[in-house]
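Look at the two complexes coming up: chain A is in both, with chain B in one and chain C in the other.
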Partner chain A sequence: MRAVAGGVALAVVPVLAALVLSGAVLWLLGTDPLEYYAYVARRGLLTPSGLQATVTRMAPLLLVAAGLILAFRTGLWNLGSDGQFMLGATAAAVVAPPLAEVLPGWAALGAGALAAMVAAALWSLLPALLKARHGINEIVTTLMMSFLGLSLANALVKLVFLDPGTTVPQTRTLAVADRLPALPGTIVSGGVLIGLAAIVAVHLAMTRTSFGLKLRVVGASPRAAIHAGLPVPLLTVAVFALSAGLIGLAGAVEVMGVLGNVRADWNPAYGLSVIPLVFLARLNGFAAIVYVLLFSALQIGAESAARRLGVPAYFTLVLVANLLIVLAVVEYVAQRRRPAWT
Partner chain B sequence: MKAPPAGPLIGLRGITKRFPGVVANDHVDLDIHAGEVHVLLGENGAGKSTLIGMLAGLVQPDEGEIRVEGEPVRISSPKRALRLGIGAVFQHGMLAPTLTVAENLSLGTAWWKPWAAGAVERGFDALCAGFGVRIAPGAVVGDLSLGERQQVEIFRALLRGSRVLVLDEATSMLTPQGVAELGGLMRELARRSMAVVLITHKLGEALEFGDRITVLRHGRKVAELGPDRLRDEDSETLREQVIHAMFDGTGGGGGPIARGGVRGRAVLAVDGLVVEGGSAVSFEVDAGEVLGIAGIDGNGQKQLAETLAGQRRALGGDVLLDGQPITGLDVGARRRLGLRYVTDDRLGEGTVAGFPVSLNLLLKEIGGAPFWKWGIEQPDPIRRHARDLIEAFDVRAPGPDTPVGKLSGGNIQKVLLARELSGGARAVIHSKPTHGLDVRNTASTRRRIREAAGAGVATVLISTDLDEILELADRVAVMSDGRIVGIVANDGDARSRIARLMAGDSA
Partner chain C sequence: MDMILSAAFLTSLVAGMVVSGVPLLLAGLGEQISEKAGVLNIGIEGMMLAGAYAGFLGAYQTGSLWVGFLYGIGAGMAVASVMAVLCVRLGLNQIVIGIGLTLGAEGLTALLHHVRFSRSYPRLPGVETLPLPGLAELPIVGSALFDRHPIVYLAVASAVVLSVLYRRTHLGLTLRAAGDKPAALDAAGGDVIRTRVAAVLCTGAFAGLGGAFMAEVGAGLFVPFMTGGAGFIAIVLAMLARGRPLWVLAGAALFGACLSMTTALQVAGFDVPTDVIQMLPFAAVMAVLIVFGRGASLPAALGSAYVRGGRGSDGERS
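On to the complex of A and B.
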């Protein structure tokens, strides 16, 4: 019980401290921090439309979080999420609209989702093989592949799959009627259910199944994994594919649930935003849901506040940055107070 | 030695430290005097490491007081310990292997100060000369022997102005020659009025090097032998007294246990097996037989063991278990057929330190019934299995959920033995099974090996300890340079024949 309370304190205190720190930044910029936070909370959580926008935004973030938790718990630092996300989004935007004209809606959506997962998983194959076969550090390779993936997605949209019917470079648009159905009585895209299901499934798989245990052994001690006879290269490639697949699915959900198409030069950089969140959640799926909700509300609120109070929407990033700094300090203090070594 | 100082340099009073499930130190009093080599002696898990961790500022005592020159102090960090003049050299080196000696010595100096390579090198050379040691300051640390690295660490502590030098299990990684050199170095340090604290579980070293010996047992100080007694009494009496204090009269090893059981046909047959960096190796081990593999460390024993276990690919040749070829099988399949491997790297590859004992006991059977059903973990059978093995193998752990990394080395070895010897073992490969263990755990490990062989297990015992092999093995293969240079029966003159084989005569 005390451990749980301590864990909650360890998660909540940094958030409060980061809010205070960021408030000081706002105050220096000449904005009343209380007014800003009140406005963000109202627009992100407390109005029906804001809340629905927040929950809709959670869908891609949850899927990205699920993909990252899977990889990170296996000790594989997949930092290529942005490229994987955009390739997934582009694949879905390419596949779903034409299929929707000839197939029933669910089949088109399913094909779009599958295409997104396969595209993203393929993009992770090279770093995965390099890691599995040659032990090459995946942090560097996934980051590099991420930039290439972003460029490739962009090139595909601008050069190959652009919609001849518009002048703006973008893919064909999925008709609103063919998109992921909204939750009954709301305008919240059904994608959030996919996101929740994915992150809970990843959490349970990692903590309760033999597959998850094998991955945790690889993550905790690759040498013990080899000693125990686990097929480490195979697991490495599988985890990369699954992780990237989930992140690609995030792109599909955003396209097929909310936007309907991919515009050239669009890149929401959800991957990099989610990394601090999953660390804040200590790679725990349920905690990650809470942080994703918080972050979505901040993002949605900040987008409104940008128009109303003149504080750029990027201020959310300042908040997250402060949160990370505070987190590092809290971690340092906790480490110092814990017996370093027995 | 100069005039003995009035009081101890460092005094520990009533030091107590608790960790989950154990009291690591229980009201320990300890005096450390300048000009003395003070040996802290105790078996694994006796609380030596925790005690010096507190001196080095890594662990804080729950109760008690540490005084430096009579003044109570709080050693809150390693930095603080250094400032108080306490330098520690740990068992596992703390030097950066890719940097030179001089660069390593400069690590930790303030970042704004210019790096005076020349001054560092001159200081180090002067120190080396004073102690009659020759190490080039420009040498890359990774190229130095373990003994030389340790000397560099000791000199680093001296250059930082340490008055007290703590050496944690300093001898365990050294060759006999290196141990002798370290002994000379410690003598010289004491002559220069330094206080040296040597942590060891080896009785011989304690008696040889110590001016003062403190014996720890179960976290308590059970005996202290001052310089007078160490000087005046003869070594046999001292040895008996210390053994009595360390083990409370139970002594070290039990007598040899007669091995019953049936000796039968070959269970494990190795036919022309080519291992990375070696040449073809052939031998057979019968049911109930112990084949010792002797040799100096690093002559291909580890590669052979890993290839037999299936962790490493064979370049040629065959391995047969009960007449069935297993060369193409992976670790899991070999294990299911009864081939087991007890690694000497207990924490590095044998277990996952952060995982509970219960899961470590199943590390090689993840996903198997009845512990997983359709891939879902079944906590009750897993915990029951752990409880049974903990009891059967006398593992001292608070419970099945304790992380294995919190256990002492001897208990981790018991976890490994429990995992590998239970559940249908046919042939077991032991790699240096008692490496780093204290007398009591060494004895119990050897007893387990003997019992398993008595029950018909074909055993391959790889060891660098010839006494161990002569105590346990029926036949002894000698390994040198990746190949087996001869196999001899363990009879009257085995020792000299093995020595000749090691020296290069072929059988």
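On to the complex of A and C.
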């Protein structure tokens, strides 16, 4: 009983503390924090249209989270998610619209998703090989590849795959009828089901299968994994490809479900902002769903608040950073006190 | 071709190298201090950005670049102090906290800029330079290298000072022990935690100054997210330098030249798209990592928190 109460407190206290801390920032900037939070909650969760936008936004975030959990549990720091996301989105935007004119809808969507996963996985190959073959730290290589990928995706959109039919620099647009179908009776893109399926599959694969166990051994101690006869280099490359593939699919889902195309200089930076979320969830897929829901609502609400209350949506970054810091401290304190409880 | 080899072109190339190289130099030197002490400081991008905004604000409000630099150092250290408490004192994951601090600094500086300046980007007045007698009159490189704001000379000098400090002083030895074999330092009566906290704060000061330079001298204004990955390049510089400050200096000059070359080519009339140009420094880093990456050495206890008598406290990666 006490443990359950402790667990709930451990999840709720940091959220409240982070809200208070970030509220202080708002107050210092001359905005009424209560008004702001109430507005964000109303627009992100409590109105039907806001809630539907929030659930739609969850789709790419869940896929990114799934990709990150897979890599982080294997002890691989894939910090290149922003570049992988944008390359996936661009690949889907290049492949799906022309195919949709000649193929049945599902085939065009499938091809777009596949192209996105392959493009992102290929982009992760170099850091993966450098890590597997030469032990070069993947933190810096994935970060560098991320910046490269963002610029490459932009260059491709502006220079190669420009839609000749419009003056706006963007790729060709997937017709609304050809996009991912919405959930019945709503305007929520079906992508959220793909996202949920992916994160649950990753969670179960990591916790319930022998493949997941192997990966966790690699994550816990690469040296022990080699002694156990595991093909660590091969697993490293495979996990990088899967992780990047899921993140690329996130880009595809956003393009084929919501936007229809990729505009030049579009970069929602979902990749890095999901990293704190999966850590707040302690790399647990189900907990990550909850945090992703909260973060989506926050983003949708904050985008709306930026227009109405004049507080830029950058505020979400501050709130997430505060949440991460508070949670880290709370967890530390709880760990310190645990021996006294038992 | 004549255009490329003209003296004016070369001068602008070298001048550009200094402007884009100095922030990398300062941040790289700062990162090196942390890495030596065993803390992988991924938050350096955030520290630079905080320094850039604070530096700009200080210079804008007081009209003095020096006050701006002090503001920048302070802001960098403020972000670093959060890192020091969480990652060194409490031993939390350095990569996650580093990313979190970078995100937080990005959000906070963009927010503060918006509240203070809305959508305007005021420029600072021009930079006053200090020509070094004799050297500044040299052809081609003279005005580009030796007719600069004093902070440029100080940055270069600090690389030399750090180099001596690491090799010749007890302090340098203590720093290295904290990163290579913290347990040994502990046993010898040194204080691992205090050493690492001091190292992280120094990193914040250097990174903040680098960011302030970028905003005050480099751009003359502040734009949200203006560091654009420079902090991450600095991490690579520190990694490849294998603990030697003068190699950071050489690396910063190289990458500064690379950055400057791309803009100079554009100015010279070569029609290269901006997005391709933005890829060059990162592509250069990847190329260097592929060729020399195997030689990059990092302190044994890098990335792991020190707990007295705890697992991994002998410097082994757990």
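We take it that the second predicted complex is superposed on the first by the 324 of 342 C-alpha atoms of A that agree within 3 Å, B and C clash if a C-alpha of one lies under 4 Å from a C-alpha of the other, contacts with A are read in each partner's own complex, and residues count from 1 in each chain.
Criterion: a residue touches a chain if its C-beta (ideal position, glycine included) is under 8 Å from a C-beta of that chain, and two chains touch if they have at least 3 such contacts.
Computed from a predicted model, the values in this text were never measured in an experiment.
Once the two complexes are overlaid through chain A, chain B and chain C clash, as defined at the top of the document.
In the superposition on chain A, contact is made by A:Leu272 with chain C only, not with chain B. Judged by the touch definition given at the top, the superposed model places A:Leu122 against neither chain B nor chain C.
Contacts of A:Leu19 after superposition: neither chain B nor chain C is touched. With both structures placed on the common chain, the touch criterion links A:Gly30 to chain C but leaves chain B unconnected.
More residues of chain A are touched by C (comparison of chain B with chain C).
Looking at the shared chain after the overlay, A:Ser151 reaches chain C, while chain B stays out of its contact range. In the superposition on chain A, A:Ile226 makes contact with chain B only, while chain C stays out of contact range.
When the two structures are aligned on the shared chain, A:Val330 is found in touch with neither chain B nor chain C. Contacts of A:Leu294 after superposition: neither chain B nor chain C is touched.
Across the two superposed structures, the residue set of chain A contacted by chain B and also by chain C is 221. Within the complex formed with chain A, the residues of chain C that make contact are 40, 42, 82, 86, 90-93, 95-97, 99-108, 110-112, 114-115, 224, 229, 232-233, 235-236, 239, 273, 275-276, 278-279, 282-283, 285-286, 289-290, 293-294, 296, 298, 318.
On chain A, the positions that touch chain B within their shared complex are 208-211, 213-214, 216-217, 220-221, 223-224, 226-231, 339-342. Of all residues in chain A, those touching chain C in their complex are 25, 29-30, 77, 79, 126, 130, 134-137, 139-141, 143-145, 147-148, 151-152, 154-155, 158-159, 221, 272-273, 275-276, 279, 311-312, 314-318, 320-322, 324-325, 328-329, 332. Those residues of chain B that touch chain A in the complex are listed here as 19, 24, 49-50, 53, 58-60, 310-311, 330-332, 335, 341, 343, 345, 348-355, 359, 363-364, 366-367, 372, 375-377, 406.
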